[in-house]
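Shared between the two complexes below is subunit A, which pairs with subunit B and subunit C, respectively.
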Partner chain A sequence: MASRFQHSNRAGWLMAGPAAALIGLFIIVPFALAIVFSFTNQRLISPNPAEFIGLDNYRQLLGVATLTLAPETDAAGAPVVENGEVQYPALRGYTRNNPDYPGLRGMREWFSFDWGDNRTFVLARDVVFMTAIVNTFIFVLVVAPVQGGLALGLALLINQKLRGINVFRAIYFMPVVVSIVVVSLLWRFIYDGNSGLLNNLLGFLSFGFIPPVDWLGNPSTALGAIIAMSIWQAVGFHMVIWLSGLQTISPTLYEAAALEGASKWQTFRHVTWPGLRNTAVLVLIVITMQAFALFAQIDVTTRGGPLDSTQTIVFQAVQRGYGKQDISGGSAISVILFVIVLAISLTQRWLTREKR
Partner chain B sequence: MARISLKDVRKSYGSTDVIRGVDIEIEDGEFAVFVGPSGCGKSTLLRMVAGLEDITSGTLSIGDRVVNDLPPKDRKVAMVFQSYAIFPHMTVRENVAFGLTIAGASKAEKDAKVAEAARILQMEPLLDRRPSQLSGGQRQRVAIGRAIVRKPEVFLFDEPLSNLDAALRMDMRMEISKLHKQLGTTMIYVTHDQVEAMTLADKIVVLKGGEVQQIGAPMELYHHPVNAFVAGFLGSPSMNFLDVEVVEANGDAVTVRNGALDPVTVSRASGDYVAGGRALLGIRPQYLVPAADEAASALHGTVGLAERLGTETIVDVALKDGKSLIAALSQDAILEMGAPIGFTFDPAKCHLFAARSA
Partner chain C sequence: MAMISGENHGLRLAVRYAVLGLIAVIFIFPLVFMVVSSLKPDQQLLLDTKSLRAFLPVGDISLDNYVAAFQRAPVGLFIFNSVLVTGATVLLSLLVCSLAGFAFVFINWTGRELVLGIILATLIVPFETIAIPLLLLMSKLPWLGLDGLTWGWLNSYRVQIVPLVADGLTIFLFVQYFKDLPGELIEAARVEGATWWQIYRRVVMPLSGPILATAAILKFLIMYNQYLWPLMVVQDESYRPVMVGLQYFFQLNRAWGEIMAYLSLITVPVLGFYLVLQRAFIASIASTGVKG
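Our next item is the complex of A and B:
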């Protein structure tokens, strides 16, 4: 019975050929090349041939170490205090040419915390990349639940038989149609530190009580501003996915629930939400993957600044690969991102599996 | 307690009238069946009783309360849907207990009531299964179980057996009948199947085009239909209607004939008939008796298709005037296609109706 597949093999391959070749050329080959490059010292343009360097790129990116130091003491053995702060030995002494600490060579302080009298320093070989990872995770952890939740709320609102409901559906979906680059440019005006729309609005609503904020220029607000903008842009897309999920739930289930006396909340909890299980998994995974790929907003608005407060993994990959022409470093970042996203998707699938 | 009364109940969607003034009284503990062809408004009427559809005008009372504007949950009704409407993500136990869960009942109370419902419906072994692991009949049992645990005053069934195969349908029909005897609760049952209506009902409501045609006990409707629609709807195979000419109308006795029918005198139930006018003569297929001697028969034709079912034979007869007719002979008979055949019948078992308005 295998014959049928073999009979039409030639024609089949001929027809599938162009598409298969394109998929291979633009998806499979680059994917494989990224993995291969990440183990070399390949540069974008270089006269020297690439060398295989093993895991050096990964060590360079992910190298983390801790160092616990006791406070500096004076002659009497008491801690030295200057300006009300306990003084610790300079890290330079450990990370530069210290033969006793070869593993710390070239590292910089990422952050530190106090543990009793001692202070533990967490050192990283690439502090900017570490910041990028943390920022990306913050972005994902905020965007996934908030965007998913808002989208579900909107979907519930527009899943009603009301006159003109399609107008609302169209309005909520509109930002999705606009390119994120255009959205980012527009929101730069909204977030402008002097006469931006947001500052004007807040000033007007608070009778001038809230002073203008440079939303994208302030390290403490920049990431939040980008998060809000990103949620606004894609919420309509996920709303449509939720809506399609909602419409697969049989209306008689709602009627049965109404007859059994279920309140609105009980109906949502016992009928709607369980019926959305598969949709929820899809929305969660899609948002997570999209959020990890955060790049365009950053590139258009802050370019990683101010003070690296909006560095992200993909932005780092692009900066390194093309900005610094370090294509192998950029490839290594891509591979790391791939592993992170794959692991999270598999975990989400496992956590949200149908329990039997 | 749970007498149901509909007074001049109407329902329109925009300018389309779906229910056009319906008056029905259903006594406490009665099993009422709404029957009619698709689109007759029977399901809409049931959903109006349930509170799933608004009532445009008229009054609906359950017990001594007017419930027109009460939400479904306050009407003390339970409903079983054609599509079962059981929750796919819950086990049978959770499904049956759903109403109790919503009402915040204790676990002990839920367990006891679910166990009782499971016992009544003989589905104890199914309690921990999921709906996807159940057959259609079992799913419908779960839906009925969910309805009975709440001890409603009224049960509503919306074509509950339509999605089941024929054998299962008969089983479930008997189950529902037993359930009604056991619980003694008022039930309204909607179906398009006249067999279900005839076998289950204390009272049948025949609907057509959003209007009540006739209300009564099954045999009352079968033997004394008020119009040709009711007469044709109940009984299988359905009643034959012959277009006849009125030869003579003398008091209650009306003599009619047509091309295939020798003059026959039947007693009129209602209506006005004058000599020379048209009328419709209804004869049930079972009441046609084949005459041994074709010349001695009253109705003349030739044998068309004959279906032998063992206990009876259904014959399609081409009448002499070109019309056709179905006869159900009460024994196995071998009939040759094209052979002449004649029938006699008891005029007392015929029904005379006004002619179909052209």
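Our next item is the complex of A and C:
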């Protein structure tokens, strides 16, 4: 690249220096510090110097174990059944100071499943963090394909030659320039359990048949409600990226397809989609990275609740690192998040690599 | 035959517009609701959500909520803070990142490839993953100000500006743009004895209108909508930006009309700005997708 230009170390470093120094100090150093802190017990304000504690933070966050228990039996050896439920020995007998199970100390039940007559309990040292990881993955796995797909649909719709199409493009893009914080507050009103617009609309459409739901206050709907709202806000962003991808496809390809009598679907399948390959990779990676960073929506609407149904990785990192001033715990969560994001974007790149 | 297909065409056109219009309603109704509600007293606001009146400025319409919002919180100060922080960051970012882009594309220097590679690698580090250690770093950095050397950057304007000035994406956008400029111009100016600064200032910058607009818009959107970072580093209300200032409206008695007034106040100017510069906004987002 550009080797034909003159050599000047002084000018080069002087001009690139400020940016390099700022990025070094405010991105690379904190990134390195996150890794270092995650192996210590660093706190924001503490009278004692931080100590190296190895993998303890990670063990605390990610510690998972299983415990398979046989049902409690009565004197005759038959399982005890109370209120139609088979009874199992209390877990706290294993997780509290049981010398036979030192690894389970301090763990709590995450979930359990039945395995033959026995029941297997999956225990986690930090159940809330496990829930946060699962919720974040659900969010990403729903948002990435749905938002990417809807954005492509909108882009195809907007790519038509129609009078006034630019007005529609402008409107679809509008939520992108509105802060997600503002959007979250507006949607709180839409989702409200009493006078929410969504309940009123559903009640009207169903002639009062659908009862009102407290969308953000109900553990089974809260995450879905946040997903819908997040897609609403960001879909216009990716519509525009798809649109610029669509416009790089040569019109002669479409003319050729029309000459050969290709149907709309065939044209999309064999002309449009192959031309959008690179755009698709980019859209997918950008949405995934943005989705993993889910924080503001949660902070403004549910704050992780109800019943931890909307806990997310970043919300947990902030709650610990900032709320509880536990810099090392928050840093360990940050490192875990980074490893996940890196692994996924590398996988996506590898899966969608140019095949030669 | 021709008439039938003509009708058919008209019908299909109508269906297309109906679909486009319906989708437009989905994207616009919360914003209409926000502005309309900001003009209504709370009681009517809540009652109106039961019908389409929620989207119509009817009934007891006034600017009372705006007056009340200004009385409840230092709204003017929050807006001033946001404008100051956003403006300063955007300007510094344009300067610092365009200089770097210039050096990466037009000057040959030892370490160029390596530094550029490292900067581009930071694109995969989400800000959220460095926010916590950055918070600690900020609490310890020194600052030489009017009152001598002080330690800790928390609760200030600089903590909201300086760490966010340089970013990989903006530098990447400048590098891409500069690569497509005719290199002969720079070579010619160099032969004529122009200094690097003169070339940057007199040759490259005048040709960089589109990329400066793109980078400014992207940075503006990111900075004005900052939430997580100021939430952590600014407890002192005199430095709070608009998004964090929202907390004021959720204390004790919640007045929805005032909240809507505040939301309108901090959103409508940006929407207006967007509608005026619509093409530039959309082009700037699109450019993040080119050559990804």
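Assume the second predicted complex is superposed on the first by the 349 of 356 C-alpha atoms of A that agree within 3 Å, B and C clash if a C-alpha of one lies under 4 Å from a C-alpha of the other, contacts with A are read in each partner's own complex, and residues count from 1 in each chain.
As a convention for this text, a residue touches a chain if its C-beta (ideal position, glycine included) is under 8 Å from a C-beta of that chain, and two chains touch if they have at least 3 such contacts.
Note that the coordinates shown come from a computational prediction; the quantities given were computed from them, not determined experimentally.
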Next item on the list: Could you tell me whether subunit B and subunit C fit or clash when both sit on subunit A in the superposition?
Entry: fit
Next item on the list: Considering only the touch criterion stated at the top, classify A:Val122 as touching first (subunit B), second (subunit C), both, or neither.
Entry: neither
Notebook entry, point to check: Does subunit B (first) or subunit C (second) touch A:Leu91, or do both, or does neither?
Noted result: neither
Notebook entry, point to check: When both complexes are superposed, which of subunit B and subunit C contacts more residues belonging to subunit A?
Noted result: C
Notebook entry, point to check: Looking at the overlay, does A:Val213 come into contact with subunit B only (first), subunit C only (second), both, or neither?
Noted result: neither
Margin query: Contact-wise, after the overlay, does A:Leu69 reach subunit B, subunit C, both or neither (first, second, both, neither)?
Written below: neither
Notebook entry, point to check: So, does A:Val134 touch the first partner subunit B, the second partner subunit C, both, or neither?
Noted result: neither
Margin query: In the overlaid three-chain picture, which partner chain does A:Leu156 touch, first (subunit B) or second (subunit C), both, or neither?
Written below: neither
Next item on the list: Please indicate which partner A:Val146 is in contact with in the superposed arrangement: first for subunit B, second for subunit C, both, or neither.
Entry: neither
Note to self: By the touch definition at the top of the document, which applies to A:Leu243: first (subunit B), second (subunit C), both, or neither?
What the structure shows: second
Notebook entry, point to check: How far apart, in whole Å, are the nearest Cα atoms of subunit B and subunit C in the superposition?
Noted result: 9
Checklist line | Residues of subunit A defined as touching subunit B within the complex | finding: 250, 252-253, 255-263, 266, 270-271, 274-275, 277
Next item on the list: Would you mind writing out the residues of subunit C in touch with subunit A in their complex?
Entry: 13, 16-17, 19-21, 23-24, 26-31, 33-34, 46, 49-51, 54, 96-97, 99-100, 102-112, 115, 118-119, 122, 124-137, 139, 162-168, 171, 179, 183, 186-187, 190, 196, 200, 221, 224-225, 227-228, 231-232, 243, 246, 256, 259, 263, 266-267, 270-271, 274-275, 278, 281-282, 285-290, 292
Notebook entry, point to check: Quick one: in the complex, what on subunit B touches subunit A?
Noted result: 50-52, 71-73, 77-79, 81, 83, 85-90, 98-99, 101-103, 146, 150
Notebook entry, point to check: Which subunit A residues qualify as touching subunit C in the complex?
Noted result: 1-9, 11-16, 18-20, 22-23, 26-31, 33-34, 37, 42, 44, 154, 157, 160, 162, 165-166, 168-183, 185-187, 189-190, 195-197, 200, 232, 236-237, 240-241, 243-245, 278-279, 281-283, 285-286, 289, 292-293, 295-296, 299-300, 314, 317-318, 321-322, 327, 330-331, 333-335, 337-338, 341-342, 345
